[in-house]
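Two complexes, one shared chain (subunit A), two partners (subunit B, subunit C).
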Partner chain A sequence: MKRRSTPRIGVKGSVSIGALAAIFILTVFAPLIAPFDPYKQSLQDILIAPLSPYSGSGGTSLLGTDQLGRDVLSRLLYGGRLSLWISIAAVSISGVLGSAIGIAAGYFGGRTDAVLMRLADIQLSIPSMLLAIVMVAVLGSGLTNIVIVLAVTGWVTFARVVRSQVLSLKEMEYVEAAKAMGVPHLTVMLRHILPNTLYTIATQAALQISHMILLAAALSFLGLGIEVSTPTWGGMVNDGKSYIDSAWWLSTIPGLAIAAVILSINLFGDWLRDRAEER
Partner chain B sequence: MSGFLLEIAGLNKVYRTRGGADFAAVRDVSFQLGAGETLGIVGESGSGKTTVAKMVAGMLPATSGRIALGGKAFGKSGRSRADKKKIQYIFQDPVSSLNPRLKVRDLIAEPLKLYFKLPPGEIDKRVDALLADVGLPRDYRSRYPKELSGGQCQRVGIARALAAEPSIIVCDEPTSALDMTIQSQILELLKQLQLQKGVSYLFIAHGLEVIYSISHRVLVMKDGEIVEQGDTRSIFHRPRHGYTQSLIGAIPRIPFPAFE
Partner chain C sequence: MKKGKFLIGLTLLTALTAGCSTVSKTEPAAPAAGSDSASAAPAQKLDITIGRAFDVNGLDPGFLTENAQVVDNIFDTLVKRDENEQLVPGLATDWKQIDDNTWEFKLREGVKFTNGEPFNAEAVKYSLDRVLDPANNAPTASYVSTIKEVQAVDDYTVHVVTKNPDPLIPTRFNRYPTEIVPPKYTEEAGQEKFAQEPIGTGPYKFVSWDKGSSVVLEANPDYWGEQPAVEKVTFRSIPEASTRVSALLNGEVDIVTAVSPEDRSKIESSSTAKLSAVERAGNTVYVGFKTDVKPFDDPKVRQALNYAIDVKSIVDKVLQGSAVQTNSLIGPKDFGYAGEPDGYDYDPEKAKRLLAEAGYPDGFSATLDTVSWYIKNTDVAQVIAEQLKAVGVTIKVNNVESSVYRTLVPAGKQSDLYVLGWSSTNTLDADAAIYAILRSGESYSTYSNPDVDAKLDEARSTTDEERRKQLYQEIQGEVIQDAPRIFLYQENQYYGVSDRLNWEGRIDGSIPVSTITAGAADGK
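And now, the complex of A and B:
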């Protein structure tokens, strides 16, 4: 009998990975897939309901059009690309920063730990939404600034989770062995501690991505996101809210997209955690 | 010349407790270890034997006392890497003393990279030689610790300690997590390596039965103090202290049924 070389993926894993792969392909290749230019306005085709024909050119609009006659499906795909990109960039930055701080705090302990963790506590005592609003107000909006703002609000979670794991890892005998040999601190951290926290970091990153998508959407919704005409999911929900009586699809569809992505990412994070516990 | 490789004099370890009363884990321990010799330290749990071992290996700072290697005393403020190289440590739990994310090759190569500036090809050669020394097949180099048994993990641990080419290896109950047959194999391996390389062992164990076959001299500890020391034969045959006698009495004697 042949031995199974790869571990079983299971329902949770295959559903979440499949959904995420589909979302990534759809959004990354938005320019190829989107039926229309997301910026193109058409005054004849204002607020067409989903699955209704266009007035002039013929054909069916799959997800309808908005108040300026822009195709909702195209904007959804382009907007998804931006929203995902922003959150992935923000999570990467905050993940690297937070994990580094968490490892340093846990490994050195004592005063280093106290200072770093009080810093984290201070930030944690301010609601992340409030912090983000203040930072956008100070730095100004724009793509780079939004990423920075999100990254700053996210590092604390990484730092705390990683620190708590490092506290138990550093008592392991192999860490003690490396220290007794005289392995430099940085090498101990990078070689003996970091690789053993990667599962935790990955799980945390998956959960944080969904958090960042929500936060970015909320910022766009408040008008603190990126330029108004640029499609983002949060911005689309915001734009559609005044038409919620007459054109339900404007807010509902991007809202559902956000929910679907977050659901699949959370499912994926769950699956990662299960796997980490299995080992 | 004193002739001893390692000299320990008046070693103390005191822990502060919350209640204000200090707890002395190790009290006024002195002993010597010669080159190529094995000194066994025996005692029950909490007798301070592991604390002594960790202080000798530099993993714990001593409260007071002198630890001198080759006539040169170690300072209070930590040891240089060259000093750490000379005293290596073998752990009680062979599995948890190996990083699960590193392959056997990388585990053994770590001290080689740390202490010797070697080209990669030379490191590979030495890893192979060390694997042969501890009796592991060459293709184990690309395995992870969890793919090995406890005894095999301990062999990797021994290879890692040997890689530094130390003059002393502190063995902290290296066989107590292993089953009986593997225990004797590991002990035989350690004895054989001592003959080959001339390394000294400071061998910690909680029972005398393990110590008997490997130690030249034995040191019995109780409650942080040395109660008796002497060469193995006299300890076993003419134990003076009551505690040593009770340890010897605790060695299981299995009456073999007589077969015709």
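And now, the complex of A and C:
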């Protein structure tokens, strides 16, 4: 922590950070950037191809319109905001939960460790997509439920990775010293162990965000996501699926957006891991 | 409850593995494996494949949970319909009402089931008794619930005794669950085996069933009617609509059902297949109100919402003309249809005025439930929400998963606004088209009007046709005025048919394979 390495960002870092920054700005400021209201339907302008003019009001539709005459670009931006928001919220919850469990398991060891890790094993044995679908079927759809479902499917990865690191950390002299001096367990975990796992957690979080975006998109593609008129990338791909012959842009554009975001996040995660190894 | 939720999850998974199939609601399709129209002495025996959206669940006509498109080719009913949907003799040669509560059927002599069992009055009685027996819990028993008992008078005469006068008895004996099954074999096989290896008297006999994928039937050489042109038929399940159309165009299948609106032009412009459109053969789709819940208990509110919807542009733009705008509760082919009544024009100003009069000048919020059963239903629901927003009513569209909706609606647990479609399918009678959704107390009805109730009840128990017509017309007028629903449209049905065959879709949704003949392009 003290010996800060030279601020070498590298190609991987600059490309991924640049792309992510652009995506964040575009989606966070969607209301300012989007040319139209993403919910506004225009039955006169159904399925206009990208870069074609609108029939009535004039103006050009940059990325075309969908089957209800809504502007695809505006929906893409709003949808991205929602997708990112959902995945960041889900990763935050699962990250905090998973890390806490991981630290506790690793630090206390013994029975606590066994119980918590077997619990994690049980959940890992169920494919996360399957678990998510069943949970949505039981809990019902909706924004909060989707976040909960995603958070529940995500905690295991955090717990396992953090635990393995804590196992070696707790043997360090400074941890032993703190324990010998009678520092309470909670303080040891918070002051001496948690800070040293942060890099790992951050790397995991980046990878998990891309995983969550995919999972959320898959859920809304299957019609299990949030309200139908709310733009989401997965939902947009689904909407466009039956028009794939006649209106390619409906599915293709959000599909490309998902791919681009996942790619940049994975690059970023990769870069973070490289940095962690460098230290 | 736990079990219910588990089942929902399970059904969902099954649905997922099966792909995203669209299941159409309402009373499934028809019998009528009419031998009557098979053209004389076909030169060449045909082997065809029919691509449908889903596979059968079982092949026992008495215990179907879906339409009878497949089983109606294996079994016969006492009464059949010709291609003009007129009732014609099937296994019964003649029928008449002998007193208020009794109908007499004279049966066809010399007919045998494909396992050699003779067809006679006992078989008719057995077939009906097992459906009517409450212990058997037959899913479609309600279609014949007016019947008190079936009496075998002699070998070839049957008396059907009803609880009250029932003018629709011949119609009821045209559709499932009244297909006639062989008593001895059915008893020996048991319900489960019979559903997998059915035996009937129909123009086709069962060959094999590859679960989840296909059913194969072969012409019955001993059929009592004419021999059909099609020798062998395979019903294949292809859940994805566009895949179905591709399969038709590349010659894998010969007929496909449920062509989606955007695929129509692909078939029309192809050189190997043609589109068969059956106007208004599908469901009449509407937005139901829970009329006992505020604010929908006020007719003014319900009328206002009718004025607020531009149905014409929904049909033209969103549905691309794959439905017909209508205010009629009853389809044009149904008994009781009296032309197209006037309804509510698109008039948002009037809608706002009515809402203000009803005490909602600033509108209100509500949830609209929708489901994937009907053509582009989520799109339609979103347009409705947008148009209602213009008069101040905020709608949240809730897309309910199919298996969940199937249990919510009959239990009355859907939202205060909900999309539902209904049709008379193969009864082709107003009673089937409206009774279940308008009579108070019926599980699909969220409407209660004592006057309409009385008329519905009278119409189903009077045999005077003129009186019945008049009653349905009065009900129609009253319901339009009272607006327990937003009147929308009736769907069309589209089939794709290969040029090597000659067949047109039917209004009752049945596919009588024996009516399929070789087309002009065959043999080239």
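Note that the second predicted complex is superposed on the first by the 273 of 279 C-alpha atoms of A that agree within 3 Å, B and C clash if a C-alpha of one lies under 4 Å from a C-alpha of the other, contacts with A are read in each partner's own complex, and residues count from 1 in each chain.
We adopt the following convention: a residue touches a chain if its C-beta (ideal position, glycine included) is under 8 Å from a C-beta of that chain, and two chains touch if they have at least 3 such contacts.
Everything numeric here is computed off the predicted structure, so don't read it as measured data.
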item	value
More subunit A residues in contact - subunit B or subunit C	C
Contacts of A:173 with subunit B and subunit C, given as first, second, both or neither	first
Which of subunit B and subunit C A:49 touches, first, second, both or neither	neither
First, second, both or neither for A:243, with subunit B first and subunit C second	second
Partner chain in contact with A:259 - subunit B first, subunit C second, else both or neither	neither
Subunit B versus subunit C as contact partner of A:122, first or second or both or neither	neither
Residue ranges of subunit A touching subunit B (in the complex, touch as defined)	172-174, 176-183, 191-192, 195-196
Parts of subunit B lying in touch with subunit A, wherever the complex brings them together	57-59, 79-81, 84-85, 88-89, 91, 93, 96-102, 110-111, 114, 160, 164
Footprint of subunit C on subunit A - complex, ascending	39, 41, 43-44, 46, 67-69, 130, 133-134, 137-138, 222-224, 227-229, 242-246
Subunit A contact footprint on subunit C (complex, rising order)	5, 8-9, 12-13, 16, 20, 241-242, 260, 262, 266, 313-314, 317-318, 370, 372, 376, 378-379, 381-383, 385-386, 396-399, 401, 404
